[in-house]
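By letter and in written order, the chains are A, B, C and D; residue numbering begins at 1 in each of them.
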C-alpha cells in the first residue's frame, strides 16, 4: 500500500466520542464504509476536523485503529500525528505505522514560537521514524508556527516526505510551493482553497472536512478536473463552494458533525466546551447540502 | 467611453516624481504609450503601486491629467480615489470625471475602525458623485477597514458600482463574492491572486502592478484564459508567477519602479522615507524579467 | 517658550469643523481658554483625537493657528505633524514653527511597511527642519510602522528630540524605554496607560484625549503624583480610569466630541463616514463624567 | 492550607526532564527548597515556563508530586491545569487536589475559537471539580481564547474562583478588572507587567518565571511594595526589569532553564524541537543576573 501515490479526495473524518469518552467505533466504521462506497480515494483521521487537539492519546489511537480496520486496504489511510515535542510525535507515528496506516499527516503544534530549524527538525524526525510517505500539514490559522518556503524546500529533499497539505487561504502560495519544490512534493488543497483552482495549478487532490458530507459530489468534481473538463468542473464547483463557505463560518468539527447528523450518522457533537452547531448553522448547512443533492 | 465594459489587463501605473516634487509627465506618458502599444486593455493611475498614499492632491491630479492625455481615448483610464472622508473622496472623484477618466477605482482609507454602515456610506457617496462606472477596491493587507460580504452585496445594487478589485490573498473569497452578487459586479484580480485561477472562476481581468513591466506577457495570458485554453495559459502562468513573488517580497512601488528602470524608464525611486529596491531585489527582478522575455 | 520643559497634562484637542469644511475657531478657542483655566500644562492639537487623519492641510493649519492664538503664550502648544513622506512632514513642521508652536508632536503615517532606517530618517528630518523640541509619537494600534527600541535610542541622541509619547497598552515598554534612553528622552503616557503607573516609573505627564473633558481632575491627579502622594493619587485614579475605559470602547474622536457636547461645547461630530457616538456611548460617558464631578 | 490567602511572589517552576523522558525529581526538589529558603510565598509548577504544553500527563503528574513533597506544607503549591476539554481539565484538577496542592492555576487551551459561553463553562467546571481556590490564567499571547471582562465578572461570582493571573502586556486591563470585580478576585501580575505598577493599582503579588532566578530580589521588592515604600521599590524595580526584558526576548522556558544552569541547577534544556537559550541570550542573562546580585 505504501507504494501507492496519494491522489484525489481524502475526507477529514470526524471523531465520534461517547459521553463516557469511548470512541464510537460503529458509527465511525459505517461512515468509512459509505465514503469508500462513494468513491473517495483515501481517508484521513485526526485532522483538524477530527478534533485531534481535543482527544487523548488513547482516543486517537482507537480512532485510527477503527479506520484502518474499516478501510480493509481498499483505500489508503493517512493518519494525523500532532504534538509539540519530537519525542511524542515520533512515538505516535510509529504506532500508526504499526496499526497499518498507509501514510502520516504530520502536524506541528507549538506553544512558544519556533525557529525554522526547530520546525525542520520536528518534521524530519517524524519522517525518519517511519517508512511511510509523509504529508506535511500547514495551517497558519490554527497553528502558532508556519512552514516557510525555505523550510518546505529543505523538507522536500527528505525521500519519504512526498506531499503537502496547505490550509491557508492563499492559493498563490500553493503555486509558489509547486514552482519551488520542482515535483519533489505534491500538493493537496484544504477547504479554504477552491479545489478547481488548486487542480488547475497542478494539485493532486484535496484533504478536507466537507468531503465527509459530500463525498460523491467531491469525487465527481475531482474526476472532471483530472480529465481537464474545466467548464463542467466549474459548474459543479460553484454550488459546492457554498458548502465550504458554511464550514468556514462555524467551528469545523461542529459543522461536519452537524452535517453528518442531518445525513443520519449519530456522530454526536464536538467535545465540550466546544459548542454544537447552532440552529442557524444547521439550517444553512441543510440548504447547502440540499442544493448539491447531498441531502 | 463610459459605456465600455472594463475587461482584461489594467496595469497599475507608477507615479514618477522629480526631486522638486513635480510629476515627470514625460516618462509617465511614454510608459502609457508603450503599455497601450503592448495591448493592455486599460490604465489605472493611483493604485497602491502608484503611491497614492504618498502624493499630495496636486500631484495626484497631475498624474491623472497626464495619463488621460496620453491615453487619448484608446483605452479606459480608471483613476484611484482614496481618502478618509466622504467630502474629500467625492471632490476627487468629480475632478477625475471632469479630467476625462472612464472610471473610478474607489479606495477607502481609515484611521479609526469603521462600521459596515460607514463603509457603505463612503462608497455610495463616491458612486453618486459621478456618472462613471466605479470599481470597489478592497485590500485587507494595507487598509484598516475591509469590505464584508454583506456590504459588497448592498453596494452591488448601486447601478454604477460595477466592478470589484480584491487584493487579498484569498482566492476563495472571490468565488464567494461572485456567487453572492449574481452578476451585478464583475471581478478583477490583483497581484496576490493567480490570474489564471481568477479567470477560471469567472473573473474578467486583473489590475496589478506587475503588468507594468510585463504588459505583453500579461495580455497574452489574458487572451489564452479568455479562449479557455487553460493548459497553454498555465504554461505561461507558471514563470510569470515568479514575478508576482518578487513583487510580494518588496515594497510594491519600489519593485515596479525598480523593474521599469531596468527596462529603461527613468521613473525614479519611491518617495522618501520609502527605500529604493535593494540590490538583491534588483537582481531577483532582473532574473524574473529575463525568464519571461521582458528584459 | 521653547526653553520650557514639557510637564504635566496636555489634552489632545478635538477639531470642530463646520459642515462647510471650515474650522469652528470660536468653539475651539473657548475650549482652549477653559482648559488653560482648569490648569492644564499644555495643549496638543492634531493628535489622533484631533482627527489629523481626516483633515486637509488647510484645516490642519487653521486648527493650529486658532490654538496658538488662544493660548497666548500661557502654555506650550505642541502640534501634531503627520505624513507618509519626509517632504510633506518637514513642510508641515516648518509652518507650525512659523505659526508660533512650542513643540512638534511627530507622527509617522505609512502605507507600505518601513524599515528601521526609514523610520529613523523620517523623524530625524522633522527634528532637523525645526528648532523646536520634538515629541516622538508611537501608536502601534493605528499606525503601520512602530518605533523599535533601537530606533528610539538612536533618535534620542538627536538634540531637539526630547520626549516620547507612547500609545501602546504596554506599560512595561515605557520602563524599557526609560531604562534605555538614560534621560535623553522624557516619557508622556497616553490614554491606554494608567497615568499613576507611568508617573511612578518615571514619566513626566500624559497627552491624552480624556483630559479634554476632565481637565481639572487630570491636573489634580498629576499634582498628587508629582508630590509622591501615591495613595491619594490611586484614590483619584480609580474612578478616572472608567473614563479611559469608555474612550477605549468607542472611536476616540467621537467620544471626546460627544463628551464635550455633554459639557456644552458645540464641537459637532467626527467627520463622515465616521459615526457620532452612539446613544449607549453617550450614556456611558455621562455616567463616567458625573462620577468624577466633570458633569 | 486551603484557607490561606495567596500573596506575594510565586515563581513559575521549570520542569527538568531527563533525556529518557523521566522528571528529574532531585534537581526540582532542590530548586523548591532553595526558593522557599529565599522567602518566596508560594510555588507554581506547570505554568508556561514549566512547559506544560510540552509534557505528557505522566510527566505533569510527577512534577506536581515532586513539588508538593518538596514544599512540605511550608508554602502553598498552585499547580497548572491546562487542557482543551472539560473532561481532561477536571480530571487533572481532581488529581492535583488528591496530591496535596493548595490551589489550581486554571489554563484554557483551544484549537478552534470558543464563545464566551464555552470559556465560562470550562473554568466553572474546574472550580466545581475541586474544593481548592482557583487562579484564572489569561495569556492572550500564547492562547487562542482570551477571557473577556464580562466572562471574568461572571467567573468572579463562583466562590472558589478567587484570583486572576493576567499575562497580557496591558497593565490598564488589570485596573479595569480590579474596578469590575469589586474585590471578589485578587490580581497577580505576570512577567510582562511591571510588578511595582501592579502592586500600586491593587495587585497582591506576581506569578512569574523570572522569580525562579531572582527569588530574594523579588521578595525584597514585594516587601517594599507591601509597605508602600514606593521610591525604594522603584529603585529595585529598575534593574530587575532588565531581567524581564531578557526573558521576553527569548523562549521563556529556555531562558529560565538557561539562567538556572548559570546558577548551578542542572535543569537541562527545553524539550525538543525547542532550542536551548542561544549564546547571546546566555550572555545577556548573565549580565542581568550579575547586575542584581543574583549571580
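The definition used in the following text is that a residue touches a chain if its C-beta (ideal position, glycine included) is under 8 Å from a C-beta of that chain, and two chains touch if they have at least 3 such contacts.
Since we're looking at a predicted model, the values are computed, not measured.
Ranked by separation of Cα centres from chain C, the top chain is A. In this assembly, the C-alpha centroid of chain C lies 36 Å from the C-alpha centroid of chain D. Computed centre separation for the pair chain A/chain C is 51 angstrom, with centres defined by C-alpha atoms.
None of the residues of chain A touches two or more other chains. A ring topology is adopted by the chain contact network, closed into one cycle in which each chain touches exactly two others. Applying the touch criterion to all chain pairs gives A-B, A-D, B-C, C-D. Of all the residues in chain A, the ones that touch chain D in their complex are 21, 48, 51, 53-54, 56, 84-88, 109, 111-115, 117-119, 121-122, 125, 142, 144, 251-254, 270-275. Listing the residues of chain D that touch chain C in their complex gives 168-173, 175-176, 179, 192-194, 196-197, 200-202, 228, 230-231, 234, 237-238, 241-242, 244-245.
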